[in-house]
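Each chain carries a letter (A, B, C and D) given by its place in the written order, and its residues are counted from 1.
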Amino acid sequence: MFYKKIKSKGLAHFSYFIGDENEAAVIDPRRDIDIYLEEAEKEGAEIKYIFETHRNEDYIIGSKALASVTGAEILHADGELDYKYGKEVEQDKKYKLGRLSIEALHTPGHTKGSHSYILNDYDDQPWMIFTGDILFANDVGRIDFYGEENIPEIAALLYDSLYNKIMPLGDGVIVCPAHGAGSVCGSQIADREMTTIGIEKKSNPYLQYQSKAEFVSEVGEMEAKPQYFKAMEAANLAAPARTDLPFVKALKANIFEEKAAQKDHVVIDIRSESDFASAHVPSALFLRDNILASFIGWFIATDKKILLVSDGSYPEETIRTLYRMGYENIEGYLYRGMLSWNMAAKESSSVTTANISGFCDFIKDKNKDQYLLLDIRKEEEKEEEGYLESAVEIPLNDLQADLNNYLAKLDSKKDIFIFCGSGIRSMTAASLINAKLEAEVKVVLGGLTAWAESKCILKIKK
Amino acid sequence: MFYKKIKSKGLAHFSYFIGDENEAAVIDPRRDIDIYLEEAEKEGAEIKYIFETHRNEDYIIGSKALASVTGAEILHADGELDYKYGKEVEQDKKYKLGRLSIEALHTPGHTKGSHSYILNDYDDQPWMIFTGDILFANDVGRIDFYGEENIPEIAALLYDSLYNKIMPLGDGVIVCPAHGAGSVCGSQIADREMTTIGIEKKSNPYLQYQSKAEFVSEVGEMEAKPQYFKAMEAANLAAPARTDLPFVKALKANIFEEKAAQKDHVVIDIRSESDFASAHVPSALFLRDNILASFIGWFIATDKKILLVSDGSYPEETIRTLYRMGYENIEGYLYRGMLSWNMAAKESSSVTTANISGFCDFIKDKNKDQYLLLDIRKEEEKEEEGYLESAVEIPLNDLQADLNNYLAKLDSKKDIFIFCGSGIRSMTAASLINAKLEAEVKVVLGGLTAWAESKCILKIKK
Amino acid sequence: MFYKKIKSKGLAHFSYFIGDENEAAVIDPRRDIDIYLEEAEKEGAEIKYIFETHRNEDYIIGSKALASVTGAEILHADGELDYKYGKEVEQDKKYKLGRLSIEALHTPGHTKGSHSYILNDYDDQPWMIFTGDILFANDVGRIDFYGEENIPEIAALLYDSLYNKIMPLGDGVIVCPAHGAGSVCGSQIADREMTTIGIEKKSNPYLQYQSKAEFVSEVGEMEAKPQYFKAMEAANLAAPARTDLPFVKALKANIFEEKAAQKDHVVIDIRSESDFASAHVPSALFLRDNILASFIGWFIATDKKILLVSDGSYPEETIRTLYRMGYENIEGYLYRGMLSWNMAAKESSSVTTANISGFCDFIKDKNKDQYLLLDIRKEEEKEEEGYLESAVEIPLNDLQADLNNYLAKLDSKKDIFIFCGSGIRSMTAASLINAKLEAEVKVVLGGLTAWAESKCILKIKK
Amino acid sequence: MFYKKIKSKGLAHFSYFIGDENEAAVIDPRRDIDIYLEEAEKEGAEIKYIFETHRNEDYIIGSKALASVTGAEILHADGELDYKYGKEVEQDKKYKLGRLSIEALHTPGHTKGSHSYILNDYDDQPWMIFTGDILFANDVGRIDFYGEENIPEIAALLYDSLYNKIMPLGDGVIVCPAHGAGSVCGSQIADREMTTIGIEKKSNPYLQYQSKAEFVSEVGEMEAKPQYFKAMEAANLAAPARTDLPFVKALKANIFEEKAAQKDHVVIDIRSESDFASAHVPSALFLRDNILASFIGWFIATDKKILLVSDGSYPEETIRTLYRMGYENIEGYLYRGMLSWNMAAKESSSVTTANISGFCDFIKDKNKDQYLLLDIRKEEEKEEEGYLESAVEIPLNDLQADLNNYLAKLDSKKDIFIFCGSGIRSMTAASLINAKLEAEVKVVLGGLTAWAESKCILKIKK
């Protein structure tokens, strides 16, 4: 028997390669399918089935690509959708994998057609369940895909799937969800490498409700959805054919500068916040590689031409993430990084940074109207970590979505200190507003976490 | 949080690297410790603790080696033994790993001091349990280390550990044992990549008993222990210092031949049974790489000088296995394999093979006294797969242990056909007896499995 | 500056990735182009140029595939051919690579259009020369592509290219040929990892002639060409688009047997000769992985459906080689190798082997008309290693090309012993004739080399 | 035949693994010897010989370590030295490697005992020469190891070795030196991946002299030697036993801070200059990973305890370099890099940076006495790239060697702009002086290269 959890960093997406003897299945394959082929080669297995738990919104599904190479059968969960490939999974069938089998379990709630898949063991007993976006470690799936008005209805479906279908399978069954901590598909997913129904029943806050009514009334609050979800939904009805991971050119400063000046191009800087602060390409948007997948879907349309600034090395992981998210046009990355840009005497911008003690010193003898605090955290972070009194609060996604409006509001001659938990997202905010405001925009490195650790006279209110 | 199961092929040994933030622990490290250092480097973690579940018998423990590099604290389970390193684990302590903790649970039964280790989650709830050799997927540990007469006492301890300590932790707790299918430490371990208490409660035959008395009376039957266990037990009280994996020389045929002729040297051929059959170094013992770990401990003392015959490539995996098992003297392997031996015009031996239809044809018109069937399977295999009527039954380990005696019994002029499940172990038996008998020794490729699939007039009795 | 020689095993093909700063070129890219992309990523380089030294005959060129991914310009040598892609290299142009440049040098002789490419260094001095199939270490290219009657003309061209164009560049210039030892493109290529014009002038037998006339009269003898050359020549005028390396399925014995029975399928066994001897799929052709590239082009048309028998592991290297040679249809490989076939009770064949001492014993008291020696070596081997008196001499390629004819000649009731240098190719011959002759066909392991080392009464004549 | 050039980045050291059939030799092995073992395993070779070209000064030799594992014979060049291991190479012996052989050639000049090693080919003709530190691509070895007064004598020896021993071997012989561009052992070594005697005769400035007298009078100028050379010389007489590459712990900010405060500890920041500029551990010395090997030997004694600041990932390559250079005490690296330091609210320092246009704007309306230019380049760079008029010139190594003296000279209230070629070494200078001067210390990113590309009114004088 073989089992492999394939983690796609950035998206925090989990797909699974499982099987027995020479028969394998893949659950929710990602777009760059080589990893499944490698596993199949290692195990000496053919890939017989590809199971989709639902029509995914946050990445390009690799089902059709993988089927074209392997001849696998693709089985859809959301049967009512108008797919251009594959076929609907059968409800009462045991799909054999050597001595094991897979069985579909209709678990609506995230989408109406969402299915979980039960892996039965040698004795035909439930062993694992692949829950897609229905049940995560410590969280459940979004229920806002059918509009605000339908949330209660979908929440009720989700309740039934969780409480009446999944939980009764038994505490010992291993739960294999489609996402881990950091995914845009669930804001409270725990950093739990492995879990079971028993563990979720004890720890997952959404499995603690006494009644369906209570569940429905509380589960509703959702974050906004990134704009690229629409493009993914459309793409995943057709499912793209197999393509290779893009090869991206290293561009010398001159060429990079020319391209950056063109209208449909966007420069994304994936380095550290402190590297970006000292010098960056003037028009660059800051999305450090560890937050890129969480924000680019909100900020950049998938048809934009993208130019990357890395530390000079080939930004392989970022290219993979962009490819998985459907960004097809990666035009190049800066050859040898900012060092070459600087040596070529190209114009660069900078963002002023402070450390926490510098900030605390600064505000000590100032009146609150002599500077401005800009807090870009999300509501739930503020609830948990505390509030900054007198700060202007504009969550980063809102700032980006309605930038001109907020710029007008921020316009002042005061120094603006931007805060988030660590300083990383603050630098993204700075990259959005720095050039457009007269005020000096400053990022405090270490952010709110540093502040909480410091002896600053101004306190965070919990 | 990070979790990594380290599989040592051959021995089917599992060790674990787990932790959170920058603090890690290793459970039952193997001798070649590089893998743990690599994981620590990847995670940016220091290894704080090394936990041993018991004094291991089947491989050299890497605790002292790993501690010497990392400064980790070694914690023993079998506190009553006279260890030359490390210290006894504390019963009521939570050993912190970032936001997680590890707690010792005294689970005697395999050894009197055996401990399991519970990993507690962020909420201080049991998440996983590292059960060492107490509980495996579908099996439990050996209870024969204190002599035949003490088996009932040890069995009773094991019952209490399983039924009163481990099972009550809850079905959802993930079970991480020290061995998988193929280990000499448990003959019925299932090929189950992941398991939980709930799954074991449903499927493990040893967790189905209604009473302690019943358990004690049934659990006792054990296979013999390989002779190298004694050497491992002694070694693991001292625990060897860190050494590097041996570098083994490629020896040209002349040198190889010279060494092979020396008294304290033994030639082991790790190729396929069919490769061995055509031509092999005359004195070679056949132990194909996939069965080597299961048999060498019975056949060869750990201080022997070993010469290997591979397919010509560096036998890295075999060298690792031998090193883990305490075989320190690997003198060389044959440069470019048997091809070079043959081209150098060295003497070689061969074993006659037949396919199943050839065998069936052969016996068709013969009387049973015109040939001899030698069945080298273990009793439990015969129970499951069926018996060969009129066969001489000598389990492979017995044959090896008392070779001269059995040779005398086998001595005849009849053709001898050796059978096991597949033909692999039959070839090992052939390599033991072929040169020493006048009769023609033949191996049927595909073994009993082929026979069962064939239309042979002679039938296997179930 | 960066330089990387890419070796394609089997074909013994060398391609080169060279460049400076962020500009790279590839000389004669192979079909599986990932390696060049990886190098470009590592160096942070774009691939600007692809240079072809001539229209290749022995493998599928990767030029168009590579250009489609990188936007590189393809430059042909054989400008007179009707290429469907790329353009002709310019004679007086220096193609810039950072501070270096590449310059074309027309060196007809292998093909009329063949070019070499000179890499000029920072001071614009010749540094290396990429000689394609014109000049190898210790050998020169074939001159038989324009028919027997034109060999003198082509030889004269080759002489001028070597003696009047390449050699005058200076002894210190490094020579980078397109093939190494083992290629079908040159039978005397030396195992010389690096060479220079100076070294070749000293050691290469073809650079020792005093006059053109002498050169022309001696250089002409050539081996026959493999049949797949025609297919490659045609393919390389169009150059296939990028495709992925095939993914090949592991087939269980039943399916494998079914497919093997179909007419357009051919089973190729790539294991060792001794493994093959014990048991193989009845219809299998034996081409051990280390000789496959040298013979398959003669034996099997590129449109055949291929089934592989490996040691059970995924035959990655063989699949790559087949793909490079234009074999598009690899239908599968046997799951878990012959072990699974045997266990499934499938029919198998075997070939009798002997070691050299067994052979010598056998012939000791026999008359020469009681057995038959079949020598399948090439003429040049016999010249070098000696002749087997009274042997029937049929070079392997001839045997295969006119099998039925030779079978008739070999038909006798005598034992046939097949000989080559090592026993490998003898097993290929055995796989061709064994089933079709009444006589017992035997392969002597170690072959002529063993014989020469032995004390056999029958001597090899030098 | 096999040949492998092993490049040790940082030190720009080349060692070589060469051989034929199953016999290999290593020339000048580095301390971390695993790479040679891997090559030997791949080739199926035993390592018979280890040849040292001279007693090395810039890295710890791996000879004894490698011999202890492989049983190889160590052969010294500098026979007059009092080695504690190995033996002197024999002058007239051909050390056999399969069909090849190696021959010693006494080539004094770098050290009195320096030897080159000739690899003879299958025909016993010179094929390659391993020249150690005598002859590099475009450069020759240092001749200052016997004191200033003996330079003419050593230069004369070097002349004879080059002109009368090496050059006569023939232009076609391939030259394999011990160092490439970037080594401290030669300041003009060219970035030439492969070279020959012919190429060096054409391009190497030191091989162009008409007379010995001329050579002797011109070759003498040398840079100062780094202080760690003494430690290496001593170490390499004994040669350390095999040890493993150190495993370095990730230290959380608190622990890191505690250790950094201890007297014998030194913090080295290996990130980019722009990353360092924004925030760094206050006491940190800036040595970006790509310059570390070139400067640490001047700056830091080998017995210091080293703490590293990386981008957060395990600084494997830096640890290797330090280990090769004899830095035994690497105490830790900062867990998750400066992000964790900042989030822990630890004190940090920063260096002001400017881009070139900012700098040009700044000086436009200033008098030259309102700011100070500090040029830290070496004399030869200034000769080649041009001079900064009115700049204070203190080469980086001098600044470091006599820091307090120079600090006194620099002490002023003027803004100090530091310049080197790119800004990297300027940041090292800034890390030395920033905290100790009242003036504001600024680094211009892109350095002199940017300046040369800019339209600055102040011009660089060539």
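We adopt the following convention: a contact is a pair of C-beta atoms (placed from the backbone, for glycine too) under 8 Å apart; a residue touches a chain by one contact, two chains touch by 3 or more.
Because the structure is predicted, anything quoted here is derived from the model rather than measured.
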Which contact partners do chain A and chain D have in common? B, C
Counting only C-alpha atoms to place each centre, which chain is farthest from chain C? A
What whole-number Å value describes the gap between the mean CA coordinates of chain A and chain C? 49
Indicate the whole-number Å distance between the mean C-alpha point of chain A and the mean C-alpha point of chain B. 43
Multi-chain contacts in chain D: which residues touch at least two other chains? none
Under the touch definition given earlier, write down the residues of chain D that touch chain C in their complex. 1-3, 121-123, 125, 127-128, 170-174, 190-194, 196-203
In their complex, what parts of chain D are in touch with chain A? 271-275, 277-279, 311, 337-339, 341-345, 347-348, 350, 353, 355-357, 422-424, 445-447, 449-451, 453-454
Hey, which residues of chain D end up touching chain B in the complex? 22, 37, 40-42, 44-46, 69-71, 242, 244, 247, 249-252, 312-314, 316, 335-336
